[in-house]
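See the structures that follow.
Okay, so chain A shows up in both of these, paired with chain B first and chain C after.
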Partner chain A sequence: MNRRKRYDAVVIGAGTAGLVAGTRLAQSGASVCVVAKGVGSTHLAPGTIDALGYMPERVQEPATAIARLAEADPGHPYASIGAELVSEAAEWLITTVASGPAPGYRYVGNLERNFLLPTAVGALKPSAVIPETFAAGDSSQLGRLVVVGLPALRDFHPELCAANLQAAGVDARGITIDVSVDRADSSTLGISRLFDDPTWRTSFAARLTPLVRAADHVALPAMLGLKDPHGALHDLENKLGRRVFEISTLPPSVPGMRLYEILSHALRAAGGSLAFGAGVVAHERDGERILSVDTESAGSPTTYEADAFVLASGGFHSGAITLDSHWLAHELVLDLPLQGVPGKDEPRFSAAYFDEQPMARVGVAVDAEQRALGTSNVVVAGASLPGAVPWREASGEGIALSSGYRAAQVLAGQLSKRTEALR
Partner chain B sequence: MVTLTTDVLVIGGGATGAGVAWDASLRGLDVVLVDRLDLAEGTSGRFHGLLHSGGRYVVKDPLAARECIGENRILRRVAADSIEDTGGFFVTTPFDDPAYADRFAAGCKETGVDCQEIPVAVALREEPRINAGITRAFRVPDANIDVWKTVGSLARGAQQRGARILTYHEVTAVHRDGDAVTGVRVHDVRGGEDLDIQARVTVNASGAWAGRIADLAGIEGVRVLPGRGIMIAMNHRLVNTVVNRCQMPTDGDIIVPIRTVSVVGTTDKHTDDPDDHTVLQSEVDAMLDEGEKLVPGFRQARALRVWTGVRPLFEDAKESETETRDVTRAHALLDHQQRDGVSGFVTITGGKLTTFRLMAEQTVDAVCKALGVEQSCKTAIEPLPGSESGQNYKLGERLGRKEQHLRDEQVICECELVARAKLEQTIRSTRSTNLDDIRRQLRLGMGPCQGGFCIYRAAGIMHELDGLSAEQADSSILAFLQERWKGVWPVLYGDQLRQMRFDEWIFHGVLDVDHLPTSANIPNGELPDSVGRPDGAIPAAGSAT
Partner chain C sequence: MTDLAELAVLRGTLDHCVKCTICETVCPVSNASPLFPGPKYAGPQSERYRVHDDPSVDLSVDYCSGCGICSQVCPQGVKIAEINAQARNKLKREHGVPLRDRIVTRPTWLGRAGTPTAGLANWSLQFRPLRILVEKLLKVHRDAPVPKFAGRRFSKWAKGHTSPTARRKVVYFHGCGTEYYEPWEGERVVAVLEHNGFEVTVPKQDCCGLPLQSSGLFDDARRVVKRLAKNLVPHLTDADTIIVGNATSCTLMLKREAREVLGLEQDADLALVAERTYDICELLLELHQRGELRTDFQPVRETIAYHAPCQQQGHWIGKPALDLLALIPELETREMNARCCGIAGTYGLKAEKYEIAMAVGRDLFQQVDDSGAQAVACDSETCRWQITHGTQLPSAHPIDYLYRAYGLAETVPAADA
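Let's turn to the complex of A and B:
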């Protein structure tokens, strides 16, 4: 027999979109539970809010470009969200981060202008709103740069990064400093835990100082601590006398995990709750209304009843949408209809990897309010939405943030109407 | 122009050509081997990995069955390290003619293929995933063979005895002096230069391309009809024994467990172009259906990659006018002195991977005869480099070795357990500028994540070792993404689609590889011209086994 729980709203998925939707709903006074199979996009994405980077030419002013995109492509999620709401959501995020659990840590930027930040391979990627620990990496500001790696860090290659930056006109060189972390393999996550310790920062800075005398800027892989990245950044900058910044690299993403901590903290602070290991395995539906979802939590399968649901479970990459071996696509959480699936005799993929792939824009079919077609109480957010090519156009986190923010807006209106009707 | 001289020039770096080079060097001959691509990049590297017991041919082609079982016994010794002794089953499923099993058993007896009928319950206990409706089961000595390891060892063994192996050297002309072939001109497709090679005997071991080389030599009627077959690797050992349907050989009736995957194959479609790697949707669907018949639930497993290979099916146009029109699967050794009155030129084509050693032996016998050299073949006794201990490969070997160095050794490719030291050593020794060459040597990027994590790492390491400029590293990353995509997209569904979307996130969302600042070109889906493939080849598949 399942345990039963009841909320005003249940959010499915704990990536950026789900956590933002859950937090906003809780802040509007609804009782909310975010249920998730596991952690989501935050642990994979670079931690920056890329609102719109390519269209397909490089975007400098995201707000203007989003407005243009909304007009040119009515099927894109931004067409119904609109540039203004993306800005509003970004401002909300900046405020939320500033009052988060990591002291002093903040996000900077806005939708007026993209930063142009080095990636781990040395490309320059446009991002709108970014952690302060990335800010000094904006390529327009860069002076003489030293990119620093560690021998144990196979996920960051400073010399290749620097060589590519040089090709882009940055005066960069890469060095690997011989700092031992007591094992041959480590990840940015493992090393970030060391950076939370001020003693480690001091010894690290001491090793680095003689090697960066000729530099104005020092770049490190994104690993400056999980708990106190603000302190780590300023410690290093003071000790080195140089501007320091982080570069995102292969998952797991340390800045993304910070963002996860901040958003889940905000959710709880607003009275919401979060259930992990709670993948949705069944649901109950009455006509256009989803009544409840069942989750398969170890030892305690639970039925969550709610007036409204936010589906933020992600696309093909998260397993929430799948294509079977007979080439039929399915939404696995609530069995909702999909949009953008190529016809039976149309190509699913292009043989040329770098071309647009016909399957790329598949998502849950929605109306202009992100409501899942055929339902009255399910709003869709994040990578579950159809119409975008989030990684190739550098829009994924912008869509996640703003569509999660908007999903809460749409539902809050509906929930308060219902509450008023009951009174 | 530089000129090399040698006793024996071998055209083709597949199993047969490398086998000829190994055999000839063991007999003390001076050898040069050329291939337009890397070793084993043609038909050899594009098969399912099955070392035949011969069981497949006992009814249809008894001669081939006899050759297979003989070679199977020899290769288990001399190429031990490349072979995993999985054993094989022939099973009668509800979809097979029940009368075939008796003919099969009789055929095995007649051809000497070791075969033992076992109770169905025993077969199902050993392989619980195979169709529970099977009515008969036979055990045969099938096995799997790692072809890259085999060909690599053949080439290494030959090199240790002085042979020169020139990969990425494409034959552009065959030199004739009257009725004698005297050598070839090759074009170094990477270095850009031409090279003349003078040889006392030239061996055309170019498999499905043998007709084209014969044409260059001005020899008529060598017709090789490429038979294209597709294979799909599923990302699990769905079976640990090679499982064959007990029926007349047809499409999709074998599942070969090799390394960490199972390969289902194959089809047979005639094509005019040996570089035709088209994969048809209908073929993929048919393979998945056939897999489902042997292993119910097959479609739920994760399809990793599809590729095609072309069998060199030989037809002698000179004989065909008078003789049978049948195209034989057996190999053909053409002594062009006898056949065409042209000396110094021998063609070996047809055949199958299991019999490559025998083909090489017969070829080098002919070469020795032409050179007046009296040296007998030693390849049935002399183990290949790496196989001296006679120990067969065991699944989990890499993991076993790796476990002893968990803290002190960096792993660059987790799927295939490629350690950093090994990668660096290979980068230094090959001096390659191409991640794909490294992939074939180390299996880098060939596991379930298809390079999602290791490609950036490996490119970074190659760059740090001064093996690659930034532009070459960038090109290499982009080319690798295109290269793996061509084998993945026709079978992309389920968990592998999930994986590829996740990889797309890494390469585009995190690294932004399609906006690199160097002038590295985004590949357009065709293979790069530098590897010398003709225009119009439809990109499809590279091997995954």
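Let's turn to the complex of A and C:
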């Protein structure tokens, strides 16, 4: 015995890209294990699918803009994925959410038009596919708006949000509702558990009703329940007699956690496995083939052999790519070559924070099928891909979703060819 | 490495904390009770104020149940639970350890005292006036799920049992739960292993020290676990022999926790034991993936819920029991995704923590109820007792279902379950 496991495909990373790739591979009939050092981007990202928001001007029609971007910037992940596949992946996600564990909860929208949603600081952010709990916040429909905060939520400032929305032309005011949540300091997560309870919703709505006065819309920080957000939204709308919507908050992200539950549920339902704590510490390679990865596990590492691997470990932010003190950039999981690293004498950083940063587009070097260069059986997905600046483009979740979806497509073809060859 | 250097490595992981709050999202205790502010607050945040020889800065760390999920999900590799265990140990040293914690953390004492007098002991544990008195005197909650003594010891059965000689050898570490409370579990583990061609050795063994460690009694825990490792090592006669256990929390103690939390990285016996120790489901799934597990399973027509205990998740190997249970024809297994049953070893027995433990478990109990399951499979004995307490449904180790599906129940003397 030597702690050795075997799967058709092993996915490294359990953020949106990894979970989507793993689920799709499992749905195609492959045996799949998703191994992850820890929980991924879902718990931190807003839970909306921002496909493309800026280019650099604000994007209204993401599908058209993605097609233009693909033409203008062949190095961008969308150039090889293509607008059509982004749409297909978004539709798959909408179906997956609808059949997920939260009753009635669904995602709305498409790649034809972006919603424009208020953020916690009162900016308007373009987003393509969003939870139903965000939908009434689309600025094109907003009437008189009241933004509601709670004293226990110290990172959400309704007055700041409302003041900035006003500057953007929305008739908004901020109020704080003094309800006790059992603690002096809480997060949206703690409060969301309260909203899963219909009794709490009723008492919350009763306290809120006299405060909303003439407002048409009521905005709350994203905390309308983890298990039953659909019920919570409709309960509140009925009781308040007004449209209600969520505004994404600082982490932890309640809508992101819902998305995690939905995707991990889909992975398990398709027969896939998931191992946390299992950060990759070593790998075995034979020429162009990665044969196995060793992951951390209690006692000694566990070896996962597979025919194919999806690398969805994230970029600089997750620590999967680093720039060391000798100014060398490394991919730490499989030691793959990077792309986009500035040359020896080129600047690595720009002094102005919001300028185009030379390191921003660094990622694992890939071919047009997202295959890591120099390998035959590693496909890259999500923030590990080079060529994008997701935080400027508002494209991170769109890239994660569609590149994860595509990675599974590329590998499913390869795996079934191999199975046929064996027959 | 010196002890100080080891501690520095553990504390060094603090620098990787980016305050992302992912640990806070999964903490069973802070999500159920305001008395524990959460792993990030108690760990990386409070740690900045902890100075050697200064008084503990944060008393709430005593409410951490030590489940370890925070460390498991941290994307940056911060050893949150381990750092909090160290802080809890310091707190105990300052404030003194209650008599209760010196008693309930020693399953061997309890087992040796309770086994010969099982009838009386079990009656007493169910006798309410006495439980109220025990709660008043010892602060063990009157409603807490305490197990029944089996009245016989597994090791005694093992002594009278001869495992057929085989090429593949395995050392069975059964733990105290099997020894004193559920000896039939051990008999089933042995039967399943022998059915798969293993020769099973059951060495003389004792507690792994985990209850002592989680109550902050580090010196006692070190002594106990080092003694256990010393007893196991002589049985690792060749390079292929491994240790297998059915108590996932105790095997995790041997694999990692003792070395990391108690700072025993230097102990050579423990290093060897850690490398060779397997959880029973981990071992059987690996065997299956090699095509070497017998799959002569008969159908088991039952719907069960499966809960992976926190300490099983701490092995960082996913949920092998689910894949094994899936091999049994007609057995319908529903995976529960609620994080924790609440008991965390001896945590939920303590009078001041019982209500928290029940609040933590409520999600799981509800899910089990909703699943329509007739029974619950779970790898850890204290979790099983808590789940049965919370759901009124019978619970068993996943290995029980393999044992039944293999038809071994008919060939081995009936268990006294």
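Assume the second predicted complex is superposed on the first by the 419 of 423 C-alpha atoms of A that agree within 3 Å, B and C clash if a C-alpha of one lies under 4 Å from a C-alpha of the other, contacts with A are read in each partner's own complex, and residues count from 1 in each chain.
One rule holds in what follows: contacts are C-beta pairs under 8 Å (C-beta built on N, C-alpha and C of every residue); 3 or more make two chains touch, one makes a residue touch a chain.
This structure is a prediction, so every number in the text was calculated from the model and none was measured.
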Which superposed partner A:A232 touches (first chain B, second chain C, both, neither): neither
Touching partner for A:E159 - first (chain B), second (chain C), both, neither: first
Touched partner set for A:E296, first chain B, second chain C, both or neither: second
Touched partner set for A:K125, first chain B, second chain C, both or neither: first
Partner chain in contact with A:R183 - chain B first, chain C second, else both or neither: both
Touched partner set for A:V59, first chain B, second chain C, both or neither: neither
Touched chain A residues, chain B compared with chain C: B
Chain B versus chain C as contact partner of A:G38, first or second or both or neither: second
Chain B and chain C contact sites that coincide on chain A, given as residue numbers: 44, 183, 185, 251, 318-319
Interface residues, chain A side, partner chain C - complex: 1, 3-6, 33, 36-40, 43-44, 182-183, 185, 187, 189-190, 193, 251-252, 257, 261, 264-265, 268, 273-279, 295-300, 302, 318-319
Residue ranges of chain B in contact with chain A within the complex: 288, 299-300, 303, 407-412, 420, 453, 456-457, 459-461, 463-464, 469-471, 473-474, 477-478, 481-482, 485-486, 489-490, 492-495, 497-498, 501-502, 504-506, 508-518, 522-525, 538-540
Residue ranges of chain C touching chain A (in the complex, touch as defined): 16, 20-22, 24-26, 31, 34, 37, 71-77, 240, 242, 251-252, 254-256, 274-278, 282-283, 285-287, 289-290, 313-319, 322-323, 335, 337
Complex interface listing, chain A residues touching chain B: 44-46, 50, 54, 58, 119-125, 152, 154-157, 159-160, 163-169, 176, 183-185, 248-251, 253, 315-319, 322-327, 348-355, 359, 390-392, 394, 396
